[in-house]
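The following pair of complexes shares a single chain, subunit A, combined with subunit B in the former and subunit C in the latter.
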Partner chain A sequence: MTGRLAGYVTWLGDRRTVLLGLVALVAVGLVPSLSRGADWLGSWKMALDAGTFSLTLIGPVAAGIACATYVRLATSGVEPLLRTGPRPWWPWLRPALSIWGLAAVAMSAITLGVTTSAALAGAVPYYDTLWVLVPALCVLAAQVAVGVLLGGLGRRVWLAPVAAAATFSLGVLGAIGAMPEIFRTGGLGVTYAGETYDATTLGLQTGATLGVAAGLLLLSNRTVVGRTAISRVVISLLVLLGAVCYVVLGNGIHDRYRAVSDPELVCRGDAVRVCMARETTRPLDDLVERMERQASALRELGLELPPRYVDYLAGSDDERQGGVMLLVEETLASTVSDETAARVLTTPAQCAAYRSDIAPPEASFDTRRLLARWLLFRAGLLQPRVDDFDREWLESGLEEQRSWVTTTYEQLRSCDLDALRLPAGV
Partner chain B sequence: MTEVAPGLRVSELRCHYPPASAAVVDIGELTLGPGATGLVGVNGAGKTTLLLTLAGARRPQHGTVTLDGVDLYGRDRREIVTRIGFMPQELDLPRELRVADAVSYVSWLRGVPGRVAATREPELLELVGLQDRRTDRLGRLSGGMRRRLVLATALVTAPGVLLLDEPTTGLDPEQRANLRALLMDLPGATVTVLSSHVMEDVEQMTTRIAVLDEGRVLHHGGTAAFVEERGGPHRSAELAFLTTLSGARS
Partner chain C sequence: MSSRLAVARAWGVPRTLLLALLLAGMAQFVATSYVGMPSFEAEIPALDLVPPAAALVLAAPLVDQTPDLTLRAGRPLGQVLLLRYVATHTAGAIVVASLALSGWSFERSLVVVLFLAGSAVAAAGLGAWHWVPMMAGSYVWLLRSQHLDDLDDADVPVAAAAAALVAAGVIYVCAGLYRTHRTRCPRGG
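Up next, the complex of A and B:
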């Protein structure tokens, strides 16, 4: 081993230990990444988010490892020797850099794994969002620095689990709003369809975490880390930058995501045209197929379908087109249910009321539900049970139902939701 | 132009550990010239702090330390400290590290260029008798071997000044005798400062002695004369030390 290499791994153990540590970090990181199953298979952006979410546990564990390592380093008697070296701050910080690198490799491996899996499952990659790994790596630096500080100053092995717990707690404090979310990476659990990372918010997070990391590393050994004027100036600037970013993040609303002004859509189907956001097209073919099967009942009544049904993305309200409103798990799955397809067919217009802060009239829910059941019944996909509230009406015959279906559908198309009524006797 | 006396020289040196303001080292003038000087004192006398300051590892709050007239904490610090080798009282490197790697690591810490370090490492291990243990892990070394390894790491910069902090502590008599013999035969260093509790080591290995108590130098002079004058009829170095200590305290 050369001296240079020795500087990297001396305090982490031999190669086998380092490899085992890496495997352990990956295993730990998979826990949060897989905490919601593998639903991110349907969205590459969500997979990327799940990958960075691994830091929720990788970071605290890395902080614990850093703490234990720096307890070893600080109590070894090496410090006087490194103080007489040409750049004492470098041997002091190098183990931290190694631990950060190891944890970064673990996070990157997980991210690579989940994003590749998502791409193989059909999700469209958005490589231009990969820059979000940079703020994540800065968060990791701050997490490791917590361990360095506690180990370098505390010099007690039992502080290692304390460092891990403290780092995890910092994430929790951010999540509950007790402090700005500077330790957060990923984990929102939405598809991000039609959205992208907000560069301003994540830039502020990057600045804040760099400031925290620099400050903590300086405090871990002020004499060594702050030895030269240059290092003192650089650290002071980073801490100042971090403080400013922290204060700005603590004031006002800083969403991590913002809507894309003109999200790209992918459309399928001829008889029924359905469009979904390019990043979440996994269930599109199945949805089109099921909608086409059920839509024939509407056409039999001479009703006109909207030119297309479009994914309900932020700012995309357009009453001239139908709306595709799916739950997150429906959007991410490879198939949808017939009930979901029927529900989409009962949304022939993207009425603003569906997403308004004021709920649409109660009757609109009931009528759309009945219309969906009628579609399923007509397609032979529903057999009403004896005690179903609508059994009698569903089995009453098309001529009995024509008037209500036609009127209701036109009212839904024109977003005249206040006029919606259930048929007599239902 | 004034001729500069060779060796380490401290002047108006005061060291303390904040926030305490009491000095743990408080020395007006002390010159440690060519040859071996023993630094003796009770626990807490300030020996290790003084050695760290002499090694360039601990900047004093007041005063200067020079080596051959060059300020150890001045502009030429980087160059001058490489001329000093320091053997700390404890060097607890990871047990899984191999012997050769330990020397490489300390060489890297001390800024020895890789090529030079690679050449010196086998030479140093041969010097301390560990050439057959190059690939052994540190955990497999005996206490005496570990101390010899630490000595090898103190020599990575080929120093002209060697500072030894309790080099024989924790060793059995045989290991101590071996290490002592090794230290006395070391080539290269012109100035050696040996801090030790073991008066036998100091008496045998040094030509001058400095007695330290509460950070101050109580006595500085020839070792033989020190033992002769204060060691009683049996010329006991320990008695000489205790006599000096009690005389100063009374």
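Up next, the complex of A and C:
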């Protein structure tokens, strides 16, 4: 290890200990990142979100390590020596910087791993959103500072797990609304289709966490950290900035993501054209293939498909195009079910009623469900069971069904949802 | 101060019992509360956070902060280690009682015994860093808890808790004896 690097990690232990610490931090960080499985494979921005979410545990563990380290530093008897130097705050803060760096490497390694995996799975990378690592690293600084404070003032080894638990609790307090969510990094569970990170909210979080970090580091050893005029000025400015950001974040609604004004779409298929948000195109090819197979039944009846089906998550609301209404897990998966493809085919228009606060008429759900079952039956993908309510109608033959299917499909295309009726006898 | 009290203080027993009382009091205070956690699908009962907290803050007596004194202990070392283990579980019993009084079934409250048994095994292997794997394990447990279909699935059979208590105690004591043996005889002699 080079001399300079060795100086940074002296208070953490030898090279083997530092390496083991890094492995431990990566291992614990993977737990929250993988807490929802690997659904982030379907969205690169979501993978980035999962990578920074690793701080949920890396941060508290880093705080615990910082606490243990500063207990050793504070009780080692070197403190009087520190005061004699021209910059006494530097040797005091250097272990904190080392721990922050070690935890930052762990978080970055996880983020690199999950985002690369998502890219390899087909998700389009958005490198211009990598700036969200900056607020995450500031949150990590504040988390480490909690450990520095408890270790520097408490000076008891048993405080290390208490520091870890306290840091984790700060995240919980933010989650339940007892304080602004300044310790949160990721874990939103949204696909980010047609959305991106909100720079204002995350900027305010950056300011607030820097202020918290500066304030806690000063309190950890006021005589050493605040000994020079320059350190006092810098810390005062950061604390003031942090206080302003904290107050602003505590008032009003501050979402961590916002809709993109003109979301990009990726379209596939000729016979059936389907478009999804560029962020989430993983199941697109499979969806097109399954829809094309089932759409032939509609063409046989002379029905015209919409020019294209567009992902609702992409913010489109043009009634002339079909709607792709997928659940979050369907949007992120590599394949969809035939039932999902049939459901999309029964949405030939993006009717306003589908996203209105007032639910569409009950009959519209029943008719679309029956139409979807008819599509599956015609494609040979559904075999009605003896006790199915629609078995008799499904097996009654095309001539018997033609009138209802044609009328229903046209009503769905024209968004005349109130007129929808089930066929007689169903 | 009697020598026994001095030893108990050196092990952090009074402080741990105080923390146990504090945790038990908090359990009563938050008994009906739910907390929303990032990435969790639904809010979780605040009481679910108590067993992980117990594993983190009540395991301090398991860590030997004065190994030099331990080497000169008058009592057999196995007995010393066992007393440390008992002290931790005594503090845990206070939390178990509080959880059982706050609406959890007694069997469900016994999960605290499992957590402290986990801390003992972690302390046997990692010493003062026992809380690191316990943090990760606690998070996994919280994730699992939110997916339980039936409350009965959260119950810990008394026999299972007793088995974990004994097994973790044996591991902790044996690991402590082995470590001391290696300290006294560094070359295996």
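Just so we're on the same page, the second predicted complex is superposed on the first by the 417 of 426 C-alpha atoms of A that agree within 3 Å, B and C clash if a C-alpha of one lies under 4 Å from a C-alpha of the other, contacts with A are read in each partner's own complex, and residues count from 1 in each chain.
We adopt the following convention: a contact is a pair of C-beta atoms (placed from the backbone, for glycine too) under 8 Å apart; a residue touches a chain by one contact, two chains touch by 3 or more.
All values reported here derive from a predicted model rather than from experimental measurement.
Undergrad: Check whether A:Gly380 is in contact with subunit B, with subunit C, with both or with neither, and answer first, second, both or neither.
TA: In the superposed model, A:Gly380 contacts neither subunit B nor subunit C.
Undergrad: Which holds for A:Thr17: it touches subunit B only (first), subunit C only (second), both, or neither?
TA: first
Undergrad: Could you tell me if A:Thr75 is touching subunit B, subunit C, both of them or neither one (first, second, both, neither)?
TA: first
Undergrad: Quick one: is A:Thr84 in contact with subunit B, with subunit C, with both, or with neither? Answer first, second, both or neither.
TA: first
Undergrad: Does the superposition put A:Arg184 against subunit B (first), subunit C (second), both, or neither?
TA: second
Undergrad: Give me the intersection of subunit A's contacts with subunit B and its contacts with subunit C, in residue numbers.
TA: In subunit A, nothing is touched by subunit B and also by subunit C.
Undergrad: Taking the complex as given, what residues does subunit C use to touch subunit A?
TA: Those residues of subunit C that touch subunit A are 12, 15, 35-39, 41, 49, 53, 56-57, 59-60, 63, 65, 128-136, 139-140, 143.
Undergrad: Which residues of subunit A touch subunit B in the complex?
TA: Listed in rising order, the residues of subunit A that touch subunit B are 1-4, 6-7, 10-11, 13-14, 17, 72, 75-87, 91, 223.
Undergrad: With touch defined as at the start, can you tell me which subunit A residues reach subunit C in the complex?
TA: 24, 27-28, 31-32, 35-36, 53, 56-57, 60-61, 64, 68, 157-158, 160-162, 164-165, 168, 171-172, 175-176, 184, 186-189
Undergrad: Which residues of subunit B touch subunit A in their complex?
TA: 52, 55-59, 78, 81-82, 84, 86, 88-94, 96-98, 100-101, 104-112, 114, 117-118, 153
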